[in-house]
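One structure is given below, represented as structure tokens, and several questions about it will come after.
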Amino acid sequence: MTATDSHLRLRQLETMLLIRAYEEQLVELQRNGAPGTCTSVGQEACAVGVIDVLESRDRILTNHRSAAHLIARGADPGRLMAEVLGRVDGYCGGRSGSLHISAQELGVVLTSTIVGGELSMAPGVALAQKMGQGEPGAITAVFFGDGAACEGVFHESLNLAVQWQLPLLFVCENNQWQAFVHRRETMADEAIASWARGHGLDTQRVDGNDIEAVQTAAKDAVAKIRATGRPQFLELVTYRLRGHFEPDDQAYVDAAELKHWQSRDPIHLLREWLLGAGLADAAAIRAMETRVRARVADALQFAQASAWPEAETLTEYVYA
Amino acid sequence: MIRMTTADAIHLALREEMQRDPRVLLMGEGVATKRADLVRDFGAARVRNTPLAEAIIAGTAVGAAASGLRPVIDLLFAPFLAYAMDALINSAGKLRYLSGGQFEFPLVTLAMTGSAWCVGAQHNHNLEAMFVHAPGLQVLMPSEPADFKGLLKTAIRDQNPTLFFTDMALLYQEGEVPQTSEHLVPLGKAAIRRVGADLTLVSYAKTVAICMQAAEQLHAQGIAAEVIDLRSLKPLDEATVLQSVRKTGRLIVVHEASGLCGVAAEIAALAATQAFDSLRAPVVRITGPDAPSASSWALEQAALPQADRVVNAARELVARGTSGSNTNLHIA
Amino acid sequence: MIRMTTADAIHLALREEMQRDPRVLLMGEGVATKRADLVRDFGAARVRNTPLAEAIIAGTAVGAAASGLRPVIDLLFAPFLAYAMDALINSAGKLRYLSGGQFEFPLVTLAMTGSAWCVGAQHNHNLEAMFVHAPGLQVLMPSEPADFKGLLKTAIRDQNPTLFFTDMALLYQEGEVPQTSEHLVPLGKAAIRRVGADLTLVSYAKTVAICMQAAEQLHAQGIAAEVIDLRSLKPLDEATVLQSVRKTGRLIVVHEASGLCGVAAEIAALAATQAFDSLRAPVVRITGPDAPSASSWALEQAALPQADRVVNAARELVARGTSGSNTNLHIA
Amino acid sequence: MTATDSHLRLRQLETMLLIRAYEEQLVELQRNGAPGTCTSVGQEACAVGVIDVLESRDRILTNHRSAAHLIARGADPGRLMAEVLGRVDGYCGGRSGSLHISAQELGVVLTSTIVGGELSMAPGVALAQKMGQGEPGAITAVFFGDGAACEGVFHESLNLAVQWQLPLLFVCENNQWQAFVHRRETMADEAIASWARGHGLDTQRVDGNDIEAVQTAAKDAVAKIRATGRPQFLELVTYRLRGHFEPDDQAYVDAAELKHWQSRDPIHLLREWLLGAGLADAAAIRAMETRVRARVADALQFAQASAWPEAETLTEYVYA
């Protein structure tokens, strides 16, 4: 573990803390009636570990559970929160709300809350890259869940990416839940990767709560894509620590399973690891926590101060 | 009569029909989780959580319906029907006809839509007119708990494939519901919610309440509006609509869905083709805009037909008799 | 001018636009097989046979369109669009709006429909109205080779997602086509195929010819019919339709698609809301029935609006002025 | 090889000859403008070999290329031809034409010409059987092509059948063509079975032009389904010897590949085998050929004598 690595991990911990604080702030707002969200709580290492190995020229597609991906990519929590609240200063001017936030300026494109939507569009984004649009050598990463893998378009997307040799990284965050249905009720096998292997795709399946494992696998996959121009498949085994869509009492969740995964909270694991390895002390981490709380407080202020869209703009942006 | 929400009325209809007929089964993403009491009482074989795959949920329901079962599938939100179009439109809607009557498809598809929850166009899209246009399908979209129960029960007992849409805004609204387990509302019968001689307001789902508010305000101004709740978009109760228009000579159609080739276009065309001589003024359409639904609460409100728009249009019609200025009031 | 079939006009439009703009690419099941000359001239990367999977063909086109390419996809027959609904309606139609204008989708989807080949309802379904109803999409359905070429070229250069429907019956019909590679027909402009003062016949695709036949017969009987070919169903040329109806006071809308919530309903509603004072007689709709298309030649013919029905309806309208009997002549 | 086997093979040869003669008669009609068809020429052994091991209580789903399945199941060539010609005496009263012929009385249900349609409905037919509709112990067989396997619903259908343990036999006739596109252009691997194995399904992949191989595999698969109630997957490697949809000049087909497969015509292979094994002599086979020609001639007469449907019946059978 080099100094730069340790510096990187500290930055990653702060990003994960920021994501967590941002989403917990939203959950609090939702107790008072703000629009609901699908939080990434428990999956922060997946987002940060993968997105840290991507470059600015690369493109990212995400879905309804996008906050971690967006913040890991450098999105402004204030503009994100404004979007969730439906205000003009949101990334989509309030039209999206929390469920389909795109940020073209960050390379986060075509976010769809139709499960499978991102998988249907990702090959086209990668095809454009392959055919010379955007910066040379760029690749596309598409983030999706275990549930999305049950949609037929998953199979179509993999087959096309393999057949057309598209520079596409499939990132499946297998968080064991598909809204209110447990993964075990929907698939005979617990691994999405076994489906992907049927397509002759290179697959890796790693612990999604261990950021080091995630990043190592992602680095390897991205390098292979840039070298060969062919797609890669990454399954990150993780867990949805909160409900599907806030507010959600998780009454349907097995308490023991939840408890087990809570003990494997990726933020907790990274913090302990940094402390244990003497790469950070409690004070430094407390300082981080203070910084992210301050950023989230500013974000909230910004979002709440932002205006509602004017009724006159209702039909803007329907047609080009 | 017993007071309950739309959500409870739907649940009770499902419970009563599952109780009544062992061939009825429920499938969908989370139905077994959310309706655990039905799993308990009718067994896991008849209340099935499914993989996240609308095409196979709907296709399986079509295959099962043709093979002796009576499936009800919950596809959650209307835009997700996009993945079930082949099963619903090409299979359920056409294979009876193409086979020369060899199959029947007693199948009900549930989906939610409509503004209220600030969820945006990929959860909120009033696309019921697309299914009205498709042959072989029936389309229901009630406005009050009693009809949610009575129409859903009738649809489950019917031999034809039926789309059953729930306007999200109505889900937790309460109403009086007949207690009997034989409360059946016939398909293809509109409900006259208020009687009036001066003009006819035709609507369905959440905008029925808008029309009732407008009628109340118009009454205060001496204008008697008749309010028709279509409830059943297909089969469509043309007779009730025509009878009212022939009586009042004035027609305003109101719905949240966008206007182009929507249900309001069909109702307006009905009047123009079959009640023309009775029409004393231009028909008016007050609909949602030709735009996806935005999530922002402010824009959700802006897209929704409001009572004052209905009132103003009604007063104009009554006042100017038959003058012909633009009466096509798409919102925005 | 040069004489060519609709099929050749479409092919020429594709060739010219691929020649003109290297970002244009063609994808579909068999496009590279059937248009081998385009592969030869523009390369296999730009003319791609695809797996048999409409959802990913359309989804890939949507993703590519938002990323700098200008895809044209051939989904073969209209009913197969059922598998592409999410990409077309939920993605292409909504993501520009939901993202606050971050994306544009210059994308054209080709599909064939209409009776002629006795292929039945899973190949022949005139569902264009479903896409007219959906926000964010454009819908074109020409009737003659020159427009097939000119509208397809315009659509390929346009920044919005467009459905381009070809009526199978027209595929091998010939017509005069301007030779210039800059022959562009604007979207949203109807064509007045024949001028007349007594009544207005509005149609599109194969039934335009039916209306022209009817107009010919009516002329012989001293009735001057104006024939409007919509060509572009969305954007819809409301002005041209209204101007004609305000002039003639009589309107008959004719199409092969079924009536409920179809384009004829929209046109009839348009007249009833915005040209009411000019209407001297009930509007008439002559459409296909609310039934899937049968394969049998005999039933295909029976479902198709025929000139004599148009003639009879027109004579009735002119004769009885404004009498109000049923003028909603769905076939059968 | 027992006497009953040899008797069976002779009957199968006659059925295959009947299918061939029936379709060749249609091709001739089409030269004079009759509605087109997708012929099964070259795939007769797949249909006959599988359907001979099914029982009358079982259900069959097929698609646009259905003549071999229907005739193997005992369909009357006259009523089939009447249907193709759109006449009232066809199995569907002329509404279907050639592309979606169902014959409920034969247990051939829900035929769909939407590629993938049959795969979407088959689990429902099998679910009804599992839940006590129809005769006990019945199973469902769904016939589809390599192209249908590219549709996402293939993946959804397999996953559901495995997860819900449905008595469903997937029969993929991999005839190397998907209309005007060769299989190699659409899939990285030449075996559909490799996709199915990704679902943890028992798969067999056999020579679809060798009726003995087909029937042995089918017998084994059907026995397993009846014993376990679980789905099985059968891939039959074969070839589409004629065009996709008549008339079709096959100009796009590789001549050498076609020639190779023509030499493996399943009817030719079975005839040679029967002659070689001394189980039939040329005279007996000539007699068969005469019989099937006569049946097809009768069928043609029946079909052409059949009336057109009345215009008044146009809207019958839209709603129940």
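To keep things simple, chains are lettered A, B, C and D as they appear, and every chain counts its residues starting from 1.
The rule we apply is simple: a contact is a pair of C-beta atoms (placed from the backbone, for glycine too) under 8 Å apart; a residue touches a chain by one contact, two chains touch by 3 or more.
Since the model is a prediction, treat every value here as computed from it, not as a measurement.
Q: By that same contact rule, can you tell me which chains touch subunit A and subunit C alike?
A: Intersection of subunit A and subunit C contact lists gives B, D.
Q: Of the chain pairs A-B and B-D, which one is connected by the greater count of C-beta contacts?
A: If we tally the C-beta pairs in contact for A-B and B-D, the bigger total goes to B-D.
Q: Averaging over Cα atoms per chain, report the distance between subunit A and subunit D in Å.
A: 46
Q: Can you give the whole-Å distance between the Cα centres of subunit C and subunit D?
A: The computed centroid separation for subunit C versus subunit D comes out at 37 Å.
Q: So what's the Cα centroid distance for subunit B and subunit D, whole Å?
A: Going by mean C-alpha positions, subunit B sits 42 Å from subunit D.
Q: Do you know which subunit B residues sit against two or more other chains?
A: Only 50-51, 53, 55-56, 79, 82-83, 86, 90, 97-98, 120, 122, 135-136, 289-292, 294-295 qualify.
Q: Hunt down the residues of subunit A that sit against at least two other chains at once, touch-wise.
A: 94-96, 100, 112, 114, 116-117, 150-153, 156, 159, 163, 185-187, 318, in rising order.
Q: In graph terms, nodes being chains and edges touches, is this line, ring, star, complete or other?
A: Topology of the interface graph: complete, with all chain pairs in contact.
Q: With touch defined as at the start, can you tell me which subunit D residues reach subunit B in the complex?
A: My answer: residues 59, 90-96, 100, 102-104, 109-112, 114, 116-117, 119-129, 131, 133-134, 152-153, 156-157, 159-160, 163-164, 316-320.
Q: Give the list of subunit B residues in touch with subunit C in this complex.
A: Contacts found on subunit B: 79, 82-83, 85-86, 89-90, 93-94, 97-98, 120-122, 125, 127, 129-130, 132-136, 234, 236, 257-258, 260-266, 268-279, 281-285, 289-292, 294-295, 322-324, 326-328.
Q: If you look only at subunit B, which of its residues touch subunit A in the complex?
A: 29-30, 33-34, 49-56, 79-80, 82-83, 117-120, 122-123, 289-292, 294-299, 301-303, 331-332
Q: Quick check: in the complex, which residue numbers of subunit C touch subunit A?
A: 23, 25, 45, 48, 50-51, 53, 55-56, 58-69, 71, 86-87, 90-91, 95-106, 135-136, 138, 159-160
Q: Taking the touch rule as given, give the residues of subunit D at its contact with subunit C in the complex, in rising order.
A: Counting only subunit D, the residues touching subunit C are 35-36, 86-87, 94-100, 112-117, 147-148, 150-152, 178-181, 185-187, 252, 308-315, 318.
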